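Structure first, commentary second.
Order of writing sets the labels: A, B, C and D. Residues in every chain begin at 1.
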Amino acid sequence: MIFVMKPGVDKQRVDDFAKQWEQKGYSTIVSVGTEHTAVCLIGNTASIDMDHAVHTSDIVDYAKRVTEQYRAVSRSVHPDDTVVKVKDAIFDCHHFPVIAGPCSVESEEQVLTVAEAVKKSGAKLLRGGAFKPRSSPYAFQGMQADGLELLKIAREKTGLPIVSEMMNQTQVPLFEEVDIVQIGARNMQNFDLLKAAGAMGKPVLLKRGLASTLEEFLLSAEYLMCAGCKDVILCERGIRTFETMTRNTLDLSAVPILKEKTHLPVIVDPSHGTGIRSLVAPLSRAILAVGADGLMVETHNNPKLALCDGAQSLDLEQFDGLMTDLRRRAVLEGREI
Amino acid sequence: MIFVMKPGVDKQRVDDFAKQWEQKGYSTIVSVGTEHTAVCLIGNTASIDMDHAVHTSDIVDYAKRVTEQYRAVSRSVHPDDTVVKVKDAIFDCHHFPVIAGPCSVESEEQVLTVAEAVKKSGAKLLRGGAFKPRSSPYAFQGMQADGLELLKIAREKTGLPIVSEMMNQTQVPLFEEVDIVQIGARNMQNFDLLKAAGAMGKPVLLKRGLASTLEEFLLSAEYLMCAGCKDVILCERGIRTFETMTRNTLDLSAVPILKEKTHLPVIVDPSHGTGIRSLVAPLSRAILAVGADGLMVETHNNPKLALCDGAQSLDLEQFDGLMTDLRRRAVLEGREI
Amino acid sequence: MIFVMKPGVDKQRVDDFAKQWEQKGYSTIVSVGTEHTAVCLIGNTASIDMDHAVHTSDIVDYAKRVTEQYRAVSRSVHPDDTVVKVKDAIFDCHHFPVIAGPCSVESEEQVLTVAEAVKKSGAKLLRGGAFKPRSSPYAFQGMQADGLELLKIAREKTGLPIVSEMMNQTQVPLFEEVDIVQIGARNMQNFDLLKAAGAMGKPVLLKRGLASTLEEFLLSAEYLMCAGCKDVILCERGIRTFETMTRNTLDLSAVPILKEKTHLPVIVDPSHGTGIRSLVAPLSRAILAVGADGLMVETHNNPKLALCDGAQSLDLEQFDGLMTDLRRRAVLEGREI
Amino acid sequence: MIFVMKPGVDKQRVDDFAKQWEQKGYSTIVSVGTEHTAVCLIGNTASIDMDHAVHTSDIVDYAKRVTEQYRAVSRSVHPDDTVVKVKDAIFDCHHFPVIAGPCSVESEEQVLTVAEAVKKSGAKLLRGGAFKPRSSPYAFQGMQADGLELLKIAREKTGLPIVSEMMNQTQVPLFEEVDIVQIGARNMQNFDLLKAAGAMGKPVLLKRGLASTLEEFLLSAEYLMCAGCKDVILCERGIRTFETMTRNTLDLSAVPILKEKTHLPVIVDPSHGTGIRSLVAPLSRAILAVGADGLMVETHNNPKLALCDGAQSLDLEQFDGLMTDLRRRAVLEGREI
């Protein structure tokens, strides 16, 4: 961490400032210039509240971090990839598991039909929303606990592990039997939820917030790891920009840069990322090619009747076609789907 | 609601489509053009899930709402201003209550010192964070329940009603004695929290999300009103943009346009909105002039030692100077501070 | 175009309004509802200035376009792909031409070294900036006309056609011998420049503006086509968002959606799109997979000594490796590089 | 400027790096830490191309500027306010000149009617667009040179100095008799235009780009000053964000922070900033209160018939009402309108 002092600060005061940090266990180096003086702090500065440090001092102009704020998720601390394994689904550089299923669980028939079809097409996990965060109180809010039960039935029939979104920490008991707990984009900075989900002892799929920087995304993953979760899967799903032709702007650069910064697997959801069915297949091809560790695709037996997000769901035939295409491409990547 | 049909759709199919809606109790008008045909739906369409309606049909290209999705918060439904009254603080067009206090409650001495000073300067409510949502798990997370107790002591000593942020719905019992429950920007779309807060039977101060449109902001207020809350106060606090010189971009246009759309009072928080102490006073003057119904300002007895957001907090003297200035200006606005 | 009338407008006035449009040659349909009345306009409405149309009337609340504002670039008007051919470089669905070269032309030796190397690696066009738009007046502004001369020498030696950015319309004579005239992102809405470039009778490569919607991008292409240019190549190069870890946010969804809306070829520039060398290769793979019609990559013989944008340039070896990889992948796409 | 070295770089190489800079006339200080080493550069670093400096070296990880890139516009270099005086219009802290007039010049009658009315209401300058940048080639492009002539006639009749937008540098001769040359938002980074406008020896009103940071805004002003212009007026006019309810998001925080960074006057245009007539008056009040040095307002004798941007123009009566209100308020600010 580098503290840049205000212009004209007395040398003695700068030295005193540096000494204070040394008493806290850091090494320091004072750099005196003609216009500015800087104090460089050496040691583990991740736990320093930088704003606070600046404002407890009269003489500091501003500070810059040289190392990241996150530790547990950082690749510099943990150079090897974290491999998340959930039954047959392996999130690592040799595989490309696909999570498929409807936006919302709507009925037993629907979820079984979709589950069997996507399994046959090669999906490794079943997704389905039971609790649905919706902008409008008048929109369908999901089947709630009943929806989770239907997912479990589908798992029993197909063997596919299930992924579903938990909306608040009072739902922890309901999600004990879910294989991967999903934290939705709107809740990426619901820190109490992160703490509760991270303590469940199971994999957590964390979606990037609509207006969250990659740094904040990693810090939210840090919350999960600090709470005890070892198996965090990061999911890019589009950010909010000025563009209105797509629902969100899918940020594929996030994949390779996240993989530089962290050891956690990174997957992408092109359904929410674009909001447009016809874009899902081309972007899925790009997601595989860019080096993501998996894919999450909304799939519905009858998108036109879907109670939620039908415009972005593939039907079962489209999904099967996509999987055939991706398998062919995965060979080139050295990945197994 | 207007449904625009795909090009070349058969007239008979359009008529059938219109008939379906009539059977649900809506009136319809079919407009046939050379390139496009449209079906206009008349009646209360607020509860229609538009996406779903589009995708249950083969023949619809897209739909547009003519009326808003929200009802309870809409000025067209409730033309008169809602006046929120909490002890001496009145949020309406004749008053301009100021909410002041520290970002975080840090100690009894701190909160009492600040409370007494801001009261003397003319603040009508005391704010203080007990539960703090922080991007990093290593940052100070607030004094929690103890912080709420200190706020209550400060209320007893000064008579100022208290405002504090509730982070999840399990905290409802803890907040029963808080005068105004605050929902923070990161939780603006934490719908379970909105439902719980809205059912508490007390005023709720709802902060706009960092990346939330004004439409989403109003829909979140609609969640609160649907849950039973009559006294919702909207608070603009800056949105996230590409600009990095300020912490957020404070959107003052939001004030007059929200006041056209809704009957609820609208206040502004320039401390989070800018993140820079020296901008708080000029922006506060603008907030009064633009027609806001109140102001929320971070104030600290010693900003340099603040455990959170010190860079944007006024000290007690600065706050007093600001209040003197605002009182002088309020005369012109016909408002009492 | 649909005009939605203000509430409570007299039926007679609406009919008069419709009649005015009929006198201008449009068909109209009047839809009367309980709350709102709408007038649908049929015919070629692309040339109507919608804002003006709304505000010349007392009784119109707002208007919505049913068809797009652009005509010449629209796929609905011109269903077949436009194929742009410049010597051996063919921009269409069977090819994937790569444009490579330095951000700035710096010397004869530099440009010849790079040109020969990228040709050997399989590039089909040589790019090089002679006139450089730079945010700071103190940054290197390019070799200007001398730079263009060096590009021509490189073309003579290698046979590669050349692409370079024209910054203002007085430069038209200088660019007569350039094979493809590039319009930079900052100039995407420099309409006088578009008119001049479009009238030159040669292919134009139009880069998307940093904050331009896809609709505005297409309208700028429409300016080029209206000025006489048939061979417009669209180039996505990242948009400005709140994210700071990458220089821009590369919007790959733009590729398939642009290809639905327009018949023009669409290429992508991952160098400016990300600003980070290590991201160029993974994104290039994604760009091929997502269905783009070509690629533009900054390449330098010695990126560390580059006078501009060195951080995002590949060195010659990295570029060669990328081309080898892309050729292998192009087979799967049915494209020739 | 601080260069942070890559981890593990040999001390000797760092010293050599520092020595290179010393040979160029800078003082340096080398700070050695356990994880990172930094080299601080002292002297006037504004003219260093930082990217280039980083990439000419193997051993530098990244660099940070301690001082700003701009010099001429910086308040640290020129602490006193620049006062721009154009006839009776004085842009400084004691005045608040209002620039009014139509978006586009449409006819002699229109421009004279508006000019006389706004003068009577207290405007100090007349604005009017002769050359109009429009997103669509089918929209009205302005009366061009004829429009400038009409503005001059209006000036002769009313004595009001005139402000009009110059779109490209070939128009310099046409604008010689215009009192203030305006550079539009879309051209804020049209650097050739800035150089030409800056060399004209007259005041330039520079509008902030839709997606331009305040740093870029100041750098564009630096282009003007480097070209010889002493009288630059900065104009905030809204930035592009995800919000769609207003045309742009007016950034009023820009005013006080720009006034900290630069000595140039800062004015605001709420007409383009919001795009909505009913928001212009409340925002104008806020603009005065926040400390801006002037105001630019679109005013039309018949907004419903305006050929451009009618939705955001005040009519003459509304403008007169606004001016009366602002005069009353200016007393409090110690400013004369």
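In the analysis below, contacts are C-beta pairs under 8 Å (C-beta built on N, C-alpha and C of every residue); 3 or more make two chains touch, one makes a residue touch a chain.
Note that the coordinates shown come from a computational prediction; the quantities given were computed from them, not determined experimentally.
Fewest steps needed to get from subunit A to subunit C, stepping only to touching chains, is 1. More C-beta pairs touch across one of A-B and B-C than the other; that pair is A-B.
Subunit B and subunit C have CA centres that are 39 Å apart. A separation of 27 Å divides the Cα centre of subunit A from that of subunit B. Residues of subunit B found to touch two or more other chains are 211, 240-242, 244.
Of all the residues in subunit D, the ones that touch subunit A in their complex are 2, 4, 27, 29-36, 38, 40-43, 64, 66-67, 240-242, 244. By the touch criterion given at the top, residues 211, 213-215, 239, 241-246, 249-253, 255-257, 260, 273-274, 276, 278-279, 282-283, 285-291, 328-329, 332 of subunit C touch subunit A in their complex.
Residues of subunit A touching subunit B in their complex: 46-47, 49, 51-52, 54-58, 69-70, 133-141, 167-170, 186-187, 189-193, 209-211, 216, 219-220, 222-223, 226, 240, 303-311.
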